[in-house]
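Okay, structure first, notes after.
Note that the chains are named A, B and C in the order they appear, and that numbering of residues resets to 1 at the start of each chain.
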Amino acid sequence: METLLPELLRSLVSGLLMGMVFALVALGLTVIFGVMDIVNFAHGEFLMIGMYTTLVTAPFLGVDPTLTLPLAGVVGAALGLACYFGVVQFLLRGPMVAQLLGTFGLMLVLRNVALLFMGSEPRSVHKGWLVGQSWLVGPGVVLESTKLAAAVLSIVSFVAVWWLIRRTKTGMALTATSLDKEGARYVGISTERMNGLSWAIGGASVAIAGGLLVNFWPVDPNVGLLFTMIAFATVALGGFGSIRGAFLAGILIGLIVSLPTVWDAFIRFAGLGDFSIHSFKYTFVYIIYFLIMVIRPQGLFGWKQ
Amino acid sequence: MEAVRNAFDFSDFPRLDLWVAGGVLAFLLVFPALPHSSFAMTIMIQFLMFSLYGMGWNTIGGYAGQVDLGKAQYNGIGAYTTAVMMVRWDVPFWVSMPVGMALAVGWSFIIGYPLFRLKGHYFAIATIATSLILKDVFEVWDFVGAAKGMEIPIRKNLPDFLYLQFKQDYYYYYILLALFLVGLLYLNAFRHSRLGFQLRAIKDNEDVARSLGIDAHWCKIKAYAVATAFVAVVGSFHACYNFNIEPEDVMSLDLSILIAMMALLGGAGSLWGPIIGAAILVPLKSYLGDWLGASAGLVGLNLVIYGGIIMLIAAVQPRGVWGMVEAALARRRGDHGAA
Amino acid sequence: MRKLALLLTALMLAALMVPGLALAQAKEIKLGAIYPLTGGAAAEGRELRAGVELAVEIANGVMAGIDMDMAKNGGIKSLGGAKITVIFKDHQGNPQLGADLAKKLIEDDKVVGILGCYHSSVTKTVAAVCERFEIPMINDSSTSPSLTKSGFKWFWRTTPHDTQFTKDLFEFMKGLTEGKAKGVPAVPVADIKTLAAACEKTEWGTNVSETIKQFAGEYKFDLAANLLYAAKSPDLSAEVQSLKAAKPGAMLFASYTSDAILMIKTLQSMKASPKLLWGQDAGFEAPEFVTTLGDSTVGILTRTVFTPQVAQVKKVAGQVNELYKKKTGIDLSGPSARSFTGLHAWVHVLEKAGSTEPKAIQAAANAITIPGEQLVVPWFGIKFATMGDDIGQNTLGTGMIGQYQKKGDKITLEIVYPFNLATSNMVYPFKGF
């Protein structure tokens, strides 16, 4: 027992932290979807660009990488607006398939422009307050600075977005747009501007996440896709457009991906051999996604199918 | 009998379409006899493979309007059935191909039933999930070679028509072309079939379709099975053509997405759309990669152009290239009318 | 308008018919090299290409100051001084594309033989094409053991494969406990008896994982954790936690570049402290591994076939490395030294064949022995097996194990195994992060 319990505790903490990271990355996606029913294939590329922004500007400005987060946010917001007014608004005329096609093209363009300018080799931030810091707490529980910061940022930004949408006039206009476009237009809301705003918020939030994550994660032009798939599953599991749902689904996925460690600890404790299930880490995410969706086709907290 | 008549009934197309289609068909038939580079031949084979993938995808994605991003799993089932049967029991391609098709269709019924409870984006992401789950299983399943995949041994006497092993690519080409024509005729019949009409009704408005007594859920599952059969056949062919398959290669997410993108780009929901999509994207990708990709300094530019074209077409005409053609034609007719 | 659009489609198809350029010159021998010049392994591809290009330059020219036969002949002597040209193709890590390019090279460009392809999965499909067309292929850099198990008659591999590399690791650990490692007194067996391995879960890593399991049994080590993970993963903390929980003396990895970096970073932040940390080449040897991780790499072991330190024990390696450095600005490394050696083997085979007929080349390749002193890599030489269960495999190749060490303010990869080639005292135990 004395080996099993600390191991469980460690997995729980690590799973929670990772879950909040996933939630943070997925936040922008759920905002955009909530307002305009569009899945952005290029979401991970926004993250990648946020990462590069911090990587490049921090040494250039001579400040700590953490201080460049607002800049990453500005870049993300600008990029979001550019994408919306440059491409996405034209895609809205078409059916869902055209939107997938369009944002898929956008993903290819952004990723490969990064490849052209930054090269394919992975890079990482070497100096900074958060770089390489971690603390041992209690029975061998490790708190990594970057993930801890990301978890804090995750909570803060979820609360902020929730507040924005529920408590401000702009937020109500956003909600109105998402519920009924025609109706929103009748009461004088510019849905075009609301859509643009959602892309700006979505782009900024994920780029800020990228700027923070680059303190730990190495960045290369393909890094986006790794997170995109998880973000898709997170947002869909929580229910498209549900802010609260995305947060809880992120944590659920974080806990699922630490299952193999629990399994390893358990079979070692019980002496059941050494069959490792780490290669199924993400398989469990997809299986649980599938099962939950079949039972609840609108996601955990979604209200529309 | 009516199905056979329908298969050859192209009378609802304008004559111009048929002339062009006939011209393209004649070109496809004589292509190997024309002077060509072997790279062009491999591209033509890719084109035919992706046309078939796309034609299959079109039944569920185009006619039924359900965005399926998990077709790679059926490609894998087809490829693995053929490879496993050939390697372990020495079964010819022509036996293993229908078996693979049957297995894939069976699997599609099993997961299709719960899958079609979902709609829209939920459905699209769930199809990705199922495909990745199956790939992860194949990666650890020793019977099918796990992550190491299956290697089909080369036979002594080539050409071997039973096991589909040839030295020259034109053999593969003609076999694929035959499959392509069968597929095209089948789809033409499908278009006219009861199921085809039901699917279009569902796509237009599912609630209305239901109120007319159409079992939407069951129709979608059937269309999904048709799509699956197409993909599985190409998968079987792929195993023989490549001699070596791995889960990462035949069941990747990239393949699933590429299949959908080609059909979408050409124009989902039309007979010619997927073929046009493959005819544009396959050569574009290969030649851009060969011209720009390999020369240093321009790494990535080929895919920027490729992605840019995809994005542009989606933004200009949501119904893809075929939609552009039809829109242009309609405009011209309109002009004539005014004149 | 409609006509126009349809015409465009037809034109697209017609463009396919442009015949491949087939430039035939009298005194030119064409070889095809298929490498991952773009995509995930583009950095390695660049090095592979540079290695081949340098070897071509040396083979075609007469270079004083390089002590190898290839540098003195000015082309292939037995073919009247014919020059070698290499046509490079980019397979992007895609097996299907690799096979297509091989057909293009064989049929359109009429190459005499093929060199490549780095990724084992691509090498497999390309080798199958070469086998059907009866065109010789020399593989310089794919290490999957299964490649030489198919009994192909037109496929030869110069590099040792993963079984041998993994065996080297266990020989090394055994030697370590016997006090054979330079500068390290005999290590108590209990210190490193417990092992934990994490390998990426595609073809290559799975193979490595199996050989580690096999040798751990043979050499009486205790493999407490042996897990497979997805290289394309945003997070490896669960994996690292399992490795740590096994309380291993040595941690073993088979990783590509970005996951190797993420793995080390996660180990570091989770404060893992094994006594030994070993990587199976690939990611652990990539230049980015050192540039990205910096001082954290000090003490990490990687299997390799070449480090610039080889020059200390082998003169010709130093001479070639100088040239390479002048050309590219970086040192020869695992990929470039092996692709160099691949083309080097081609030169010797052609010289012996005295013909560009496939049959003659096949006979020459099966009979050839290239002595070790000719090569830049520290092998006993090149001689391909013609029977047994490893047909076409070079039987005289050896692997090395290198350790990242800090010399001044530079991090170098010092040789620690084979023990007689050691260029520096080994750092043991691993200092932790």
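Rule of thumb we're sticking to: contacts are C-beta pairs under 8 Å (C-beta built on N, C-alpha and C of every residue); 3 or more make two chains touch, one makes a residue touch a chain.
It should be emphasised that the depicted structure is a prediction, and the values quoted were computed from it without experimental measurement.
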item	value
Per Cα centroids, the chain farthest from chain A	C
Pair of chains joined by more contacts [C-beta pairs], A-B or A-C	A-B
CA centroid of chain A to CA centroid of chain C, Å	37
Distance from the mean Cα position of chain B to that of chain A, given in whole angstrom	32
Residue list for chain A, restricted to those that touch at least two other chains	120, 279, 282
Chain B: positions in contact with at least two other chains	139-140, 299-300
Per-residue multi-chain contacts in chain C, two or more chains	38, 42, 201, 228
Interfacial residue positions of chain C with respect to chain A in the complex	38-40, 42-43, 198, 201, 223-230, 232-235, 237-239, 241-242, 245-246, 257-258, 261-262, 265, 268-271, 287-288, 291-294, 296
Of chain B, residues touching chain C in the complex	16, 20, 23-24, 27, 31, 34-44, 46, 139-140, 146-149, 151, 153-154, 158, 165-167, 169, 238, 242-244, 246, 248-249, 276, 279-280, 283, 286-287, 289-290, 293-294, 296, 299-300, 321, 324-326, 328-329, 331-332
Complex contact set, residues of chain A against chain B	33, 37, 39, 87, 90-91, 93-102, 104-109, 111-116, 120, 221, 229, 232-233, 236, 240, 279-280, 282-283, 286-287, 289-290, 293-294, 297-299, 305
Chain B residues touching chain A - in the complex, by the definition given at the top	61, 65, 67, 114-115, 117-122, 124-126, 128-130, 132-133, 136-137, 139-140, 253, 257, 260-261, 264-265, 268, 298-304, 306-316, 318-320
Complex interface listing, chain C residues touching chain B	1-3, 5-6, 9-10, 12-20, 37-38, 42, 46, 88-90, 92, 94-97, 99-101, 103-104, 106-108, 121, 124-125, 128, 131-133, 144, 146, 150, 201-203, 205-207, 228
